[in-house]
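Two complexes are shown next, each including chain A; its partner changes from chain B in the first to chain C in the second.
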Partner chain A sequence: MKKLRFLLEKEFKQIFRDKSIVAMIFVLPIMQLGILPIAMDFEVKQVNIVIIDNDHSPLSSKLINKIGASGYFKLLAYEPSFRQGLEYLKSSEADIVLEIPNSFEKNLIKENAAKVNLTVDAINGTKSSMGSSYLTSVIADFNNNIQIFQNKNIVQPVIINIENSTWFNPYANYSWFIVPGILAFLLTIFAGSISATNIVREKEMGTIEQINVSPIKKWQFLLGKLIPFWVMGMIILTIGLLVGIIFYKIRPIGSIPMMYALSGIYLIALLGFGLFIATISNNQLQAMFISFFFIMIFALMSGLFTSIESMPEWARIISHSLPITYFIKALRMIILKGSSFADIQYIFVILIGYAIGLNGLAILNYRKTT
Partner chain B sequence: MNITEANITNNNGLLSKEEKEPVIICKDLTKKFGDFVAVDHITFEVNKGEIFGFLGANGAGKTTAMRMLSGLIYPTSGQASVAGFDVYHKQEKIKKNIGYMSQRFSLYDNLSPLENITFYGGVYGVPRKEIKERSRLLIEQLGLQNEANKLVASLPLGWKQKLAFSVAIFHEPKIVFLDEPTGGVDPITRRQFWDMIYEAASRGITIFVTTHYMDEAEYCNRITIMVDGKIEALDTPGNLKRIYNENSINDVFYKLARKATREE
Partner chain C sequence: MKQFLAFITKEFYHVFRDKKTLLILFGIPLMQITLFGFALTSEVKNADIIVIDNAKDDDSEKLINKLRASTYFTIYEKQIGYNAIEKEFKKGQIKAAIIIPPKFNNDLIKGKKSQIQILTDGTEPNVAKMLVQYITAITMDYQREINATNSPMMMIIPEIRMLYNEEGNGSINFVPGVMALVLMIVCTALTSVAVVREKELGTMEALLVSPFKPIGVLLAKALPYLVLSFVNLNFILLLAVFVMKVPMQGSILLFFFFSMIFIATSLSMGLLISNITDSQQVALLLSMIGMMLPTIVFSGFIFPLENMPKFFQWFSYIVPARWYYTGVKSIMLKGLDIHYIWKEMVALSMMGTFFLTIAISKFKIRLA
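Coming up: the complex of A and B.
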């Protein structure tokens, strides 16, 4: 235990002498949480539309006005022919081309039905599906008004009105979803790479040999590395939470001590992962490549951006074998839903398992005598 | 002067057989890396308080032999014990009883001399109070009063090496292993370095040192000349010169090392 104190003294001195690490603790959470969630917004705000009105009737211009007034669309151009309209789609200037046929008003009045032609650029899936459904709803609304306007005695079909109520994130604000996720990811990047590169740097400098030839125990050495980085991770978490509160008004609903406990365990697991990488790499480049290989998988498979439930079976299995998946889930549950310990008890158990397993692996794989 | 006197007394000490107390015993010790035999069946004993020199060209296997004895790597075959502990199973016990100064400078550049002494002293279990007292004294002896709180990175190489040696023996080990401790150091500092080695030996610390400076070999009580992983000669510098009929260890070394087939 006395030896551990000497180790910790040394590590803390070295860390706080390294200006770049100190800067990283503050800059990383502020930059990543301050900027990324604003840029990474899936909400569709401006759909560019090109309209071909072949009818030139009062009803068709009424429809066009309604589309323009809806606020979702930006009218790029009116074109005389569908072919010319399509050029906008090909050059990616427009997202949707709406063609109104020349018998639009006549058919609507005579046959009580008319068709319009919607052509959608589906490369950006989210934008196209959102855009076309906005447009469909605008047209449907227009349709209802027409029937009322004509005052025909038609029997209105029974309409089931669906009223949405959004829970836990009442304004369906995307940043509420993404901020806790990015916070979790931030801790992952930090913990997954710093312990690896730090130990490998001692390998490169040759100082690790001086450690290996001393009577220090493997666990003492690794714990001496783990504790300072754990403290730094907790500082990053705190700054990240403050950024969330100040920039995004995301005040954690659930228990904050519980969230810290969970994050503390997760950090131990990820630092252990970094320590394990350090035991298998010989230089910092190798360590960085290995840890970033895994961090990429963590980013894409953890449900950070996408829904795990909609992944194919094999991907779901991978996703559920990553500790970050559970951490992101639990962090969102605590911050946004205010979930209780009983709700996330199983996540605690899983993360403790990872913490023990990964650190055990690091201790086992670290050899003072080769 | 200082050195030659100490040399004589140590040699005399060795000659009285009843004082012999081997602290390193090595028998047919071998290390292979794949097909390459780095160290080939070396056998020798080193006695307590002795300055034992390990000579050889680059790649002769000096460092590998030293790393086996200090518990950093496992031997492939043969037996060895250091400070009474077996190198296969009791490395951690060995590590408690030895000091080690590697070929590469291995103090922390971004810590001060005082912090380095404190850290390594602590790692070897020297009580904090004792570290405080003795490190102050050591800094004075090394003449580092003005540099005690500056980072080691800013020290000249010669000072770094002297500091590294002081750190390696700070916990008063039974044996200290020095791997080319004076590489790249100027002649005056080398001389001072050897004064420090003699001082440590006079306190009963056994010195196991590798070098390829032949003048340094003359300072040793006994020397071993390694060629291609094998021990070609082992005796006092005086005896070696007599046996090979040469005027200096330099000439003895050339005579033996010419046989080497291994390239660096």
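Coming up: the complex of A and C.
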């Protein structure tokens, strides 16, 4: 026990002496959490549209007015031909080109149907699908109204009203979704990368030899490395929660002790993961590359930005084998929904499993001799 | 000159001897592009939804069947009370609930009007909005069907053409984005340790007493990585075109030229980091961890840039990956020529020159 205390003292001193590391550990997360979520917004607010009206009829201008008045669309330009309209798509200034053909009004009155052409820049998936579905619904709405413009005697149409309400986040604030996720992610990159490079550094500098020849046991050495990082991780979590409360007004509604317990277990798991990487790499560049590889997978496949259910089957399996997936899910549930222990106890079990498994793997793989 | 060549040869040996790092260097981009290219999608699919059908009549049955036919959701029919819904949300099992009122069919026939309710889990606002949109569209469609049988209506029919991605291949948006992200971070990380490692291991002394000028040292350090990255780029392109089916509409030559500018810029940024840091750990933390999130966010491949506050839009102009991402999309997907991407090329070249100049001026020829 005494040995461990000295080791801890050594590690803490070593970490806090390097001012640039300390700054990076504390400032980077605060800055990233404080700034980035403001920039992260999926919502399609404005779709830029270019209109080519070949008909110039009262009805076509009514349709154009209706689109302009809907609020979703910015009428970027009117162009005389499709070729000129296409230039806007090429340069990415516009998202949709709407072409109203000749004799649009005539066809509508004579044949009860007329076509309009939408050309959508489909490269940006969200924008193109949202934009075209907004536009189709504006046109559908317009369809209901033309009967009235034309003063036709029609049977009163049936109407199904849809009332919707968003729970747990009534204003559908995107930052509520992203802030707990980013917090979980920052803890992950901290724990996953710092413990990996720290031990490899001792390998690379040769100072690990001194520890290997000392009577310190494997577990004492690893514990001596883990505890300081664990403490720092919990501090980062606290700072992150405060940033959430102060900057984004996200007050956790669930139990805070439970959240800390869960995060503590998660940190142990991730630190074990970092240790394991350290045991399989020879230098810091390698260690960082390996942890970068996994952290990228964590970032993009954990449901941090995009939803897991939409992924193909095999990708969902990968996603469900990552500890971070469960951690992000649980954090969101506790902070935003106030889920109870019963709701997330399976996540506790899974994360404890990861903590034991990953640390066990690291200890088994760590050799005092080279 | 001969000395310089010998120096470059030494650097090449250095890099090529470390087989494990080389393996990682080629493995990472390929694996990640494959993984993310296939896995990432901006659509919502298979969302779990419960339908509480209080009517159990003809119309509600038809509407539910229509919802069931869609690939957006997986529908569970359950007869639970309003309060039990909250519990389901808290367990995190469902994303939305649809409530159909009793006498749905009766209201539609007699009152010509009925109402359904959609409850969504707002902790995922984007999914919630998309789901409301999808469910509304399906319901409207159903409404139109009922009305069409009652009386013929005038209709404007929109014909939609998805330009540049007719088949709706989801990976074509993400592949260029992941390319930009991975290339930038890998290239920056590679050179970010180049100088600082020599400092840390004590071999810097030997370099400093050699007759080479700072610019020579830095170029010799970067050259092997430039060659490696070029090889890597070839692999990435082959993967993107043949496995991910991302079309190559434009000129391959232009693509390579443009990509090499980007790679050179990233390598210069790494050199800059290497010259201003004192340990490999700090250099790597800066180049990988520090840059990962900002690059993901500000390259615009996940979050649309035009949604951001003006300040962030300006900020994105100094993120090299942003320029590369737009340029690669223009070349590969839209098949545009140099007239459309000269801005991107100029911006990247300027940034590269800037980073390299600062790196050279920060190069210390004395040990502290």
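Throughout what follows, the second predicted complex is superposed on the first by the 353 of 370 C-alpha atoms of A that agree within 3 Å, B and C clash if a C-alpha of one lies under 4 Å from a C-alpha of the other, contacts with A are read in each partner's own complex, and residues count from 1 in each chain.
Keep in mind that, in the parts below, a contact is a pair of C-beta atoms (placed from the backbone, for glycine too) under 8 Å apart; a residue touches a chain by one contact, two chains touch by 3 or more.
Only a predicted model underlies this, so the values are computations on that prediction, with no experimental measurement involved.
Within the superposed three-chain model, A:R17 lies in touch with chain B and out of touch with chain C [touch as defined at top]. Legend: residue contacts after superposition of the two complexes on their common chain; A:N169 is shown touching chain C, with no touch to chain B. Looking at the shared chain after the overlay, A:S128 reaches chain C, while chain B stays out of its contact range. Judged by the number of chain A residues each one touches, C leads among chain B and chain C. In the superposed model, A:F82 lies in contact with neither chain B nor chain C. After overlaying the two complexes on the shared chain, residue contacts for A:F6 are found with chain B alone; chain C is out of touch.
Legend: residue contacts after superposition of the two complexes on their common chain; A:Y248 is shown touching neither chain B nor chain C. Of the two partner chains placed around the shared chain by superposition, chain C is the only one that A:A299 touches, whereas chain B remains out of contact. Of the two partner chains placed around the shared chain by superposition, chain B and chain C are both touched by A:M205.
In the superposed model, A:Y260 lies in contact with neither chain B nor chain C. On chain A, the surface touched by chain B in one complex and the surface touched by chain C in the other have residues 18, 205 in common.
Of all residues in chain A, those touching chain C in their complex are 18, 20-21, 24, 28, 32, 36, 38-46, 63, 89-92, 108-109, 112-130, 132-133, 135-137, 139-140, 142-143, 146-147, 150, 152, 154-170, 172-174, 176-177, 182, 185, 189-190, 193-194, 197-198, 201, 204-205, 281-286, 288-290, 292-293, 295-297, 299-301, 305-307, 309-312, 315, 318-319, 329, 332-333, 336-340, 343. Contact residues on chain C toward chain A in their complex (touch as defined above): 18, 20-21, 24-25, 27-28, 31-32, 35-36, 38-48, 86, 89-92, 95, 108, 112-130, 132-133, 135-137, 139-140, 142-144, 146-147, 150-166, 168, 170, 172-173, 178, 181-182, 185-186, 189-190, 193, 197, 200-201, 277-282, 284-286, 288-290, 292-294, 296-298, 302-304, 306-309, 312, 326, 329-330, 333-334, 336, 340. Put simply, chain B touches chain A in their complex at residues 70-74, 91-92, 95-96, 98, 100, 102, 104-111, 115, 118-125, 128. Chain contact summary for the complex, chain A toward chain B: residues 2-3, 5-7, 9-10, 13-14, 17-18, 205-207, 209-216, 368-370.
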